[in-house]
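Let me begin by presenting the structure, written as C-alpha cells, before commenting on it.
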Amino acid sequence: MNPQLIRQIIEGAFLAAAKPLDTLSLEALFEAHERPPRDQILAAIEEIEDDCRDRGYELKRVASGWRFQVNQDLAPWICRLWEEKPKRYSRAMLETLALIAYRQPLTRGDIELVRGVAVSTDIIRALQERNWIAVVGHRDVPGRPALYATTKFFLDYFNLAALQDLPPLEEIKSLVDFAPETMLASHDGGEVGEVNDSNKHD
Amino acid sequence: MIESESLSRQKQANVTDSRAYSQPQQSEMPFAVIQGEALSVMPKDLYIPPRALEIILEAFEGPLDLLLYFIKRQNLDILDIDVAAITRQYMNYIQLMREIQLELAADYLVMAAILAEIKTQMLLPRHSSDFYEEEDPRLELIKRLQEYERFKRAAEDVDKLPRLGRDTYQARAEVTYRDNRKSYPEVKINQLLDAFSGVLKRAEMFKSHQVSAEALSVRERMSHILDKLVGKTFVRFEGLFAFHEGKAGVVVTFLALMELIKESLIDIVQTEPFDSIHLVAKKS
Amino acid sequence: MNPQLIRQIIEGAFLAAAKPLDTLSLEALFEAHERPPRDQILAAIEEIEDDCRDRGYELKRVASGWRFQVNQDLAPWICRLWEEKPKRYSRAMLETLALIAYRQPLTRGDIELVRGVAVSTDIIRALQERNWIAVVGHRDVPGRPALYATTKFFLDYFNLAALQDLPPLEEIKSLVDFAPETMLASHDGGEVGEVNDSNKHD
C-alpha cells in the first residue's frame, strides 16, 4: 500500500475516533493482506507529528495512544466555544486523586490516614464514574478493603503518557529543618506502612 | 475564645510558603468571605455567626489542614511550638465547631486528643541522655503533617496539569459515512450439538416429549409448508407435493401435513365431496 | 493580532467544536479589541482549506458553516474503528438455536418448556437478525404465538444441504449417555442450577 494512503488513513482515523488510538488499533484498520508493518505505521505517525508544527493542533502521545489535540496556548480563545466554564474539582477530590495516583494501589483507609479525615463515598464514586480510578484488588486483611489505582483514562485526561510523568512528589522540609535522619529516610519508600506507626501512640 | 496574641501574630506573619496556601487563600488570605466581605482575621469577639464558621470550616480539609494552617500562620517550626498554646487554640476552634457541625468535629476531636497526649508526654521529665533513644512525642505528628502537606501540594500539581476540556481539547472531524458493519461470532456445528445434548440431558426430553418419533425431514417439511401458507388464503393440496422428490418426498410431505393438522396449525378445506382439497394456515 | 495565531485559533476551534462553525461563531472567539476583520478570517479559512490537500481530512463548507470531515474515500478503513468485536454466543442462545433446529416449527413457549427457563427476546432477535431463524406461522392458541423455524441461511452457514443432515437425535442421545460428566462439566453452572431448583419446588 502506498505510504501516502497509509498516512491518510491513520490521520483520518485519529480525527474520526475522537479518542486516543494505539498501534494495535491502527493496525486493525487494515485487512491482513494490506496491513503495513509496524515501523511503517510509526513512521507515518512521526510524519503526521511533524506536519502539525505551527498549526493549531498537535499529535500527542498519551497513555492509551496518540490523539490530535488543540494546542494548550489556544485555550483562552477556544474555551469561548462553550458557554459553560470547565468544572473545578474540590480540594477533597484532588487530594484523594493525588494520593491514589502517587501511592497506588491503596485502600480508602490509607487515604484517610494521610488526609486525617473520612473520605466520602461520593468522591470515590465520582472518581470511578469518570473512569479515573478502578478497584484493582483487595487487601488481604479483615474486611478485604478494595485497593484503588488510577486508570489509563486518568492519564489521558491529564495529558500524561505514564504515571512517571506526574510532577515529582516534593520533599517537605520546611516544617522541620533539623529532622533526625530516620524521619527523612522513612519518606522515600512511599509505602503506606509507615503511617501505621501512629497506632503506637493511640 | 481565640487568643488575641496569636491573632496579631497571624497578621504579621509572613507566609513561609505562599504556594501551600495559594488556594483557596491568597497571601493576604481572607479567611472566608461572608456576605461579600472578606474576613482575613478570625473574629476576636466571642460571637461568630454559625454560618460564618461553616464557611471557615469549608476552607479546611480536616484537622491536619487546620493544624498546618496554625503552624504556618505563626511562621513557627513545629518543634519550637508551645504545644500547650496550640492545643488551646485548637480546642477553642473545635469547641465552636461542635456547636454547629458535629459530624465534622469527630476528626478534629481525634486530633485534639493527639495534641493533648503530646502535651502530657512533653510534661513528663526526661533525661537528656534519653533524647536519641526515645522518640520525641511530636515526631509522629510532624511526620503526618509533612505527609499531608506533600499530598496537599501534589493535589495542587495535579490540578495544574493540562486537562482535557480545560487546557486542551480532543480534536475530531466529522465522519459522514457510517455503515455499522457488524461482525458476528462464529458457531461450529459441534457447539450446537453440545448445546442441544445439554438441553436433552437436563430436560430428559426423550421421555416427556418423544422427539425421536419424528424424523427431522418431517419437521423441516412442516416449516416449509407453513412458510408457503403464510399470507395466502388457500393453497391446493396437490401443489405441496414435489414429485421429483419421489415416493419418499411425497411421504415426508404427507406426514408433515398430518403433523401440522395434529398440532392444529393448519386447516383442511374441501367445499364439496371430490372437490379439490385446499389448505389454509389457521387464523384466530 | 498576528495572522498565524488567528489561523491557529480558527483551526483549533474547528477541531474542538464537533459542529460546523460560521464566521459569526468564529468572530465570537476573539475579544472585541483583538477581533480580526471578516476578510482576514475568510483568508485564514481558505489557507486552512488549502493545507488539507493530500491529507486524510478536509475543511468542508456545509449549511451552517465549515467543519473538518474525514475524506470519504477512506471509509473502508475508517469504518473499521466502529466494527463491533464479535462476542461469543451464550449457552442459552445456542440451546435455543439447537431446539429450533431440531423441533421446528415451535413457539417460544415450547422452547421455554424444554429449557425450563424463559427465553429472552434478545436471543430471538439476535437469531433473526442473523437470518438463521424466521417466523413461519402462528399457533392457533390464545395470543397466537409465533412459530419459529430455521432458514436456508442457517443450513448454508452450517454447511448442510437439508435439516436431516443434522446428526440424528439417537446419535446425540448416545453422545449424552457416553460422556455424561464432560457434558455436565461443559455447562456454565447457572442455568443447570435454575432448572434443578425449579424441579425441587414443583
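Letters A, B and C name the chains as they come in the text, with residue numbers starting at 1 for each one.
Throughout what follows, contacts are C-beta pairs under 8 Å (C-beta built on N, C-alpha and C of every residue); 3 or more make two chains touch, one makes a residue touch a chain.
What you are looking at is a predicted structure, and each value in this text was computed from that prediction instead of being measured.
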Longest centre-to-centre distance from chain C, chain (CA-based): A
Central chain of the complex, centres being mean CA coordinates: B
Between chain C and chain A, distance of the C-alpha-averaged centres to the nearest whole Å: 30
Chain A and chain B: spacing of chain centres that average the CA atoms, whole Å: 18
Chain centre separation (chain B, chain C; CA means) in Å: 25
Interface hub residues of chain B, defined as touching at least two other chains: 169-173, 175
Of all residues in chain A, the ones touching two or more other chains: 12, 15-16, 18, 57, 68, 70-71, 78
Complex interface listing, chain C residues touching chain A: 4, 7-13, 15-18, 25, 28-30, 54-57, 68, 70-71, 74, 77-78, 80-81
Chain C residues touching chain B - in the complex, by the definition given at the top: 12, 15-16, 18, 57, 60, 67-70, 72, 75, 78-80, 82-89, 91, 94-95, 97-99, 101-105, 114-116, 130, 134, 136-140, 144, 147, 149-150, 157-159, 162-164, 166-170, 172-173, 175-176, 180, 183-184, 186-187, 192, 195
List of chain B residues in touch with chain C within their complex: 169-187, 189, 191-203, 205-206, 209, 211-212, 215-217, 219-220, 222-223, 226-227, 229-230, 263-265, 281-284
Residue numbers on chain B that touch chain A, as the complex places them: 16-17, 23-24, 61-65, 71, 77-79, 107, 111, 114, 117, 132, 137, 139-140, 142-173, 175
